[in-house]
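The data blocks that follow each hold one structure.
What follows is a pair of complexes built around chain A, which joins chain B in one and chain C in the other.
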Partner chain A sequence: MNIMLDYIASMLIFGILILTIARVQSNINTTLYLNTQSIITQGNATSLARQIEWDFLKIGHRVPGQKIIYADSTRLRFRSDLENRHFIDDVRYRILSTSELSATFNPRDFPLERETGSGTIKQNFGLVEFKLHYIDSLFRPIPMPITTESACAQIKGIYVSFRVEAPEPTVTAVDTQWAAISWQKLLFPRNLNSLYY
Partner chain B sequence: MLILGAFVLLSLLALSINQTLLSTQTIGLEMEANLTALSIAQSLMDEITTQEFDERTTTGVKIYSPLDMTLAASFGPLVEAGETPITWVDSAYYDLGGTTKPYDNGGILNDFRSKAYYDDVDDYNGYRRKVYDYRMGYFDVDVIIEYVNETTPDSTSTDRTNQKRVSVTVTQFNLSKNQAGVVLSVVLKDLAVYRRFFQ
Partner chain C sequence: MGRAAMFVVMGFGLAAGFISMNIRNATNLLTESQVGYYNYSMARNLARTGVQRSLRYIDMNPGIPNYTPPTSGSFNGGTYTTSTTQSGDTMWLNVNGVYADTSYLMKTKLLKSTKPFPAVKGAVSIRASPIDINMTGQAGVDGRNYDSSGTNLDSDCPDPSFTGDKPGFAVMNSTDSAEAYNASSNIFGNPKTKIDTTTSDPSAFIDEYTSNADTTINTPGTHSGGTYGTAEFPKITVVNAGEDTNFAIKFTGGFTGYGILAINGNVQFSGGIDFKGLIVVYGKNNVVDFTSTGTPKIVGGLIVAGRAANVTLKGTGSVGAKIAYSCDALFKARNLSKLRYYGVLEWYE
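The block that comes next holds the complex of A and B.
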């Protein structure tokens, strides 16, 4: 009888031990995975932010006439000597539909298309939200879409906000998480403004 | 007895590992909060430095001596100049027929009042706003404007000069913390320099 009790007790202890170790291992795996996804997402967000700052702040650089050609909440077309090589690029930004990015597990992400004189690229930053607003010299929002030359000339600032999510989810014991990061900035392209100092 | 000891050791090990994992996740979130705080601070900094340098120059008048500029004690919106002081914590929201949300709910954007009420750099002295972020919640933003010495811009000046230092401080409980657990605010500083009289 004592031997049987010893067997049962040892099996019970072994079971608890295995469950504890499994849980710790599961937590480690989840955290490592979430961290990896988080780093990827933060890297994507930083790259996109740098690209937007690089491009948008140069709107109108060395352009004698109309600087912005079309603008709405998800699309922007402008002219600029982006590379500072005395060649004016016709730059277009627009978002595509989620079906264009069906390869990822994230059902909400969509690609961003950037077109310059060098060609068109479809960029996968894991965008799930991308919005543009435009303000005039008195910080008043300009109704969109902005299509006419006179309306485009009123644009002095561009408010950009986006949210980037990881391409794959992290499934934890509690729920499913998507690593994400949001970014927002009000940009004042120098060539659209007559700065006083 | 040995088994009990082994279990205690195992439990301690599990706790320690879980604590390490938790702090790793916390650092990740703090990094995310820092990035968001920086973008919020930079947005406001750009808004401020795009404004006129001084109330006296908003009408296009050139100032040739700093003595003609606003006194440091008078920084902030001037009621007598027709400016509306923002005495509350400013915030932006979307209005959808009576339902207001801090995020885009398809309604009309009611932007920060500072953009409509303020027209020069020092109007923003003492200005406070709350900025909503989808993942982190609200960020508190504070602004201080000071005159600084032209040769040593790190030190403030009680006299009027051609340089105003703009300090934007962003605070949020998810930001990085020091050893004592106190939140380390993100502080962004830049100089607004008046050089129009050279033109």
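The block that comes next holds the complex of A and C.
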């Protein structure tokens, strides 16, 4: 009888232990998942930030004539010797619709299209917001769209802001959340003669 | 049973270790992502700091042609290296900023330029009316082009925009021209006086001079003079003298200077002045009194602007006071380091 009681007690303790471990494992998985989503989002945000800085800070490099061709809040077309090889690229940035990124769980994200002489790339950074604003030499906002050569020549600074979210949601006990990062910066492409030293 | 329990415990231990390692790796990745961008930003800022520092080093050594700034430096935990090549006013400056394991390279091609400078139309250019000119003793105004010492006539001019002889007085209308013409027989120039309404309005330049002033004199009273700039390092001096016609600011001692002297209001130099460069007097009713008992000497140009102007030039002795036009002195004033800037011809980063 005593042996039976020992078996039952040990099974109970084992069950409790297993349940506890399962719960811990579940929490750890959630944490790992959260971390993974965070890593993806942060990686995407820093990659996009670096790409934008790399491209936009070169606007007009070695371009003798019109440096910016077209600009509005979601599109920018400019010319630049991007690779510093005496070859002027026609670079276009624009955002596409959310339907172009239906593979992700996030219903709000949309791709960014970057077109250069080397080709067109549709990039998935998990963008849910992407805004461009332009200022002149007196820091006054320039009305958009900016289409004429004289209006484009007034652009001296570009204010970029975006928000990146994870491709998949993080389901918590109370809500569905998305790991997200916002980034904004006022860039002064030096080749637009925006600054003197 | 004991052995089985030991295996179970070891199994749990291994599982916990594996999970813990995963969590740590994930945290490391997250940190690397953040730190990587931070390092990149810091390296870029260091490269920009290197550009700024190098240019300021060059500005601080205007007397050394094609001065090479230090080729390396450190700031805020990082370092940068620079390489500079100059040809005339064009400069190639490459800077590599390094922070932690990240580097950032900037390749720049810059053009050294000067900021706009007032148009000097005569030895004395007056953009005010009416005027009252008083010249006594051996005082003279000479619009012929002198060298920067003011002693020898000079046909050369390093800046074509200043070249040639100028009038002694450039004034706004015929009445003022007559007033200046009759003030003294010691007026020289081509011609002696001229009506020229294109003398620059100095108000467009005053903010620049005020914000870049090496010396600003605001304190009312009598000043014993001093040295404001040298031939090698000309300076910007601003005097806020106010509208007191009894002269709130008086310089009783020797006033020696090179560069630009901007005077707001009425001022008296009674102890002698020896200034090479541009003097700009701006205010409402300007009274400029060079009543030196010695030999006041202004080589370069004098611009007076406002509603009215009263210029008194008095000199004793055989040489007398003199305001002489000098393209060379104006050129040096125009090119003083604080009025130079670097425009971007090419910038790759």
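One rule holds in what follows: the second predicted complex is superposed on the first by the 171 of 197 C-alpha atoms of A that agree within 3 Å, B and C clash if a C-alpha of one lies under 4 Å from a C-alpha of the other, contacts with A are read in each partner's own complex, and residues count from 1 in each chain.
As a convention for this text, a contact is a pair of C-beta atoms (placed from the backbone, for glycine too) under 8 Å apart; a residue touches a chain by one contact, two chains touch by 3 or more.
Just so you know, these numbers come straight off a predicted model, no measurement behind them.
When both complexes are superposed on chain A, chain B and chain C occupy overlapping space and clash.
When the two complexes are overlaid on their common chain A, residue A:193 makes contact with chain B and with chain C alike.
With both structures placed on the common chain, the touch criterion links A:67 to neither chain B nor chain C.
When the two complexes are superposed, the chain touching more residues of chain A, out of chain B and chain C, is B.
Contacts of A:28 after superposition on the shared chain: both chain B and chain C are touched.
Residue contacts after overlaying the shared chain place A:114 against neither chain B nor chain C.
Legend: residue contacts after superposition of the two complexes on their common chain; A:184 is shown touching chain B, with no touch to chain C. Contact with neither chain B nor chain C is seen for A:79 once the two complexes are overlaid on the shared chain.
Shared-chain residue A:58: touches chain C; no touch with chain B. By the document's definition of touching, of the two partners only chain C reaches A:43; chain B does not. When both complexes are aligned on chain A, the segment of chain B among 19-27, 37-45 or 55-63 whose C-alpha atoms clash with chain C is 55-63. The residues of chain A shared by its contacts with chain B and with chain C are 21, 28, 31, 35, 38-39, 42, 46, 49, 193, 195-197.
The part of chain C that touches chain A in the complex is made up of residues 12, 19, 22-23, 26-27, 29-30, 33-34, 36-37, 40, 51-52, 55, 107-108, 110, 341-344, 346-349.
Those residues of chain A lying in contact with chain B across their complex are 13, 16-17, 20-21, 23-24, 27-28, 31, 34-35, 38-39, 42, 45-46, 49, 129, 131, 133, 135, 138-141, 156-157, 159, 163, 180-188, 193, 195-197.
In the complex of the two chains, the chain B residues touching chain A come out as 3, 7, 10-11, 13-14, 17-18, 21, 24-25, 28, 31-32, 35-36, 39-40, 42-44, 46-47, 50, 52-53, 57, 104, 109, 111, 115-116, 131, 133-135, 192-196.
Every residue of chain A that touches chain C in the complex is listed here, in rising order: 21, 25, 28, 31-32, 35-36, 38-39, 42-43, 46, 49-50, 57-58, 61-62, 81, 84, 190-191, 193, 195-197.
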